[in-house]
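Note that the chains are named A, B, C and D in the order they appear, and that numbering of residues resets to 1 at the start of each chain.
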Amino acid sequence: MKKKVGIIACSGEKLLGGTLSRAAARIVVKKLKPHDTIVLCQPLFAAGGLERHGGQQERDFAKEHPTITIEGCEELCSKIAVERYSGPVAATIRVDEIMKAHPELKPKSREDLGKDGLKLAEIIAEEIAKKVDELHKQR
Amino acid sequence: MSESYDPEKETFMGVPRKKIPWWPTIDYVKCNFCMECDKFCPHDVYAHIEGEEKKLIVKNQYNCVVFCRTCAKTCAPDALSFPNKREITKLIKKFRSENK
Amino acid sequence: MSKKKGYIIPCSGIGKVFGSIGRETAYIVVNELAKDKADLECLPLIVKGKKEVIEALKENKIISIDGCPLKCSYNNIMEKVGRVDAQFMTTDIVKENRDLKPEPYIIPIGENTKELSKKLAEKVAEKINELLENKVEVE
Amino acid sequence: MDKKLCVLPCNGIDKSLGVVARTVALKLIELEPEMNLICPVLLNTNDERYETILKESNIVIIDGCMTRCATKLVDERNQKIFKRIFIPAMSKQFKIKPGTNLELNENGQKLAEKISIEIIKELKASEYDEISIEKKLEEFDFYEITVDKYYFQVPKNSYFFNENDCWVKPNGNTALIGISDYLQNRVSDIMFVELPKVGTEIEQFDDVGSFDSVKTVLDLISPCSGRIISVNKDLKEHPEWMNQDPYRKGWFAELELKNFDEDWELLMDGSGYFKYMKETITKEKEEMDFKN
């Protein structure tokens, strides 16, 4: 049985990169790889085992399953959180790099991605899906 | 539930699902085809029929969860009805005692 | 009125619509209702412990917006900064407007979700004015 | 005060803030003799002795400064927290500066006094003393299965289930009813509850009130027959308890049982329901595969 891959979007609220990373994560988990991936929430890693349904589940899951973080900017918040509370990250996707690789696509804003933004989110999502397949091949 | 849910095999409290007459009945006088019930039900009990006078029918009645009446709650014109729960409980008890 | 600002920290909820209401609220306040008096910060950056951000928060007013009882924004800010001046729950605004059921989809958010975010944004903006006019501390 | 409580101050003896933290703890156990004092040094060195007390009680944590040693001591444990006290924040709130000398001056004493009184006041106001029907539900043994990142728990004994994922916990001729961990997970964040009217007579499998989330509205389908003698009014303010603690704090209604021994025949015990629940989860997974 293939192990599920944890997707942790940086979901930073301040930057366009955050909105894109969140959108891409949802496309992967809902459309491209619904059976092989699950979304984990970055702040929950630190919020830890607050209530019973707290982040303890994020930490435990990330210890036993491969994880891919989607970073909206160079701060790499998700990667750092996962490595601090659970363990090494299997792969990291840099949204800002993909944006640079597609100058023709100009997302509208962090509030509203617009057509170009959604297309970019699709491209990022495909990149993640490819990584998921690679991870499953390695298993 | 999709094809993988096979009413033949399914049981409820040990009684074959096919033996329990539990599903919604649509009162087509009241029903305004708002489709709220179909939107609510996660078990594909209802189905849309294009171009028919009765645009909504109960297609997979055995997908319906016994004793669950929540779709009737979402029905504004109150057009959905279910069998009497006490009769159904009696029927289940009778079946179980006969097949102990 | 102090030149200070109100920093809004919405939670990064990604799986449910409650997170989106928090972000949408923050954008409305920062872009419209309290234009020069409010700003927002990425919660993952605070979780990561970015010094500049934490220092900036300390000198200003901090408003957390959370989407579920785990309160990752509130708890992580208390952990890393030690103070939250006002906390909001998007679930409260949903409870107060039972007729406005938020749509479950997130990209893009539905009309009810936008409406709820506007209502919450008004409350948050009002609170920021209160905090910045030191009404709260004077009592 | 029926819920056990303990207090854990930090052990900062090199700063007045730490001394204030300790003084608050000492004042608390004076004002509230039932409260246990947890020694941070002993907890740090060998904490078997504290194992039971910590497990059964909620804790008041008092940190003297930003290093937060008391919080760190408790952080790794899945400990129920009643209140976190951060002395610098309190000093700002009460506008009293404890000064720097380690022998607490008059201000330091006053600050410690004010903080302990506030904690006691909050204690009294919290559910511990309120005469809301605080159901004394002890710890319970449970089966557990993890699916992706969600835990699904089922108590091993004294709870009985119907196939609509609702439970009954009989106790003499009365019983509590509620929803299972599986059902609360499937419905997700519960926002509103419609509690039944006290005094209503119900038959087994009747619907007894309902609970709404953004996703759906569901009725609680009663596993047993009887008369409603009380309802969990706290759920009006805290519907999320049904999600966080579905078998205890999230209880829904209390009934006076009518013929439970007959109802019982149509119910499953903990192990039976755990098996049934696992089958439902696998069926749902297969279905998801089918759909993709």
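Operating definition for what follows: contacts are C-beta pairs under 8 Å (C-beta built on N, C-alpha and C of every residue); 3 or more make two chains touch, one makes a residue touch a chain.
Note that the structure is a prediction, hence the values are computed from the model and not measured.
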Using mean Cα positions as chain centres, tell me which chain lies farthest from chain A.
B
Could you grab the centroid distance between chain A and chain C? Build each centroid from C-alpha atoms only and quote it in angstrom.
23
Taking the mean of the C-alpha atoms as each chain's centre, how many Å separate chain A from chain D?
32
When centres are defined as mean Cα positions, the distance from chain C to chain D in whole Å is 27
How many Å are there between the centre of chain A and the centre of chain B, using C-alpha atoms for each centre?
40
Two-or-more-chain contact residues of chain A, please, as numbers and ranges.
51, 53
For chain C, residues that touch 2 or more chains besides their own
69
Multi-chain contact sites of chain D, meaning residues that touch two or more partners:
243-244
Going by the touch rule stated at the top, which chains touch which?
A-C, A-D, B-D, C-D
Which chain C residues qualify as touching chain A in the complex?
9-15, 23-24, 26-27, 31, 40-45, 47-48, 50, 69-73, 75-76, 79, 106-108
Within their complex, chain A touches chain C through residues 9-15, 18, 22-23, 25-26, 39, 41-47, 50-51, 53-55, 75, 77-78, 80-81, 110-113, 118, 121
Seen from chain D, its contact residues with chain B in the complex are 162-164, 203-207, 210, 216-219, 221, 265-266, 283, 286-287, 290-291
Can you list the residues on chain D that touch chain C in the complex?
66, 84, 86, 88-89, 188-189, 191-192, 214-215, 240, 243-244
Note which residues of chain A are touching chain D in the complex, please.
4, 6, 34-35, 38, 40, 48-49, 51-53, 56-58, 60-61
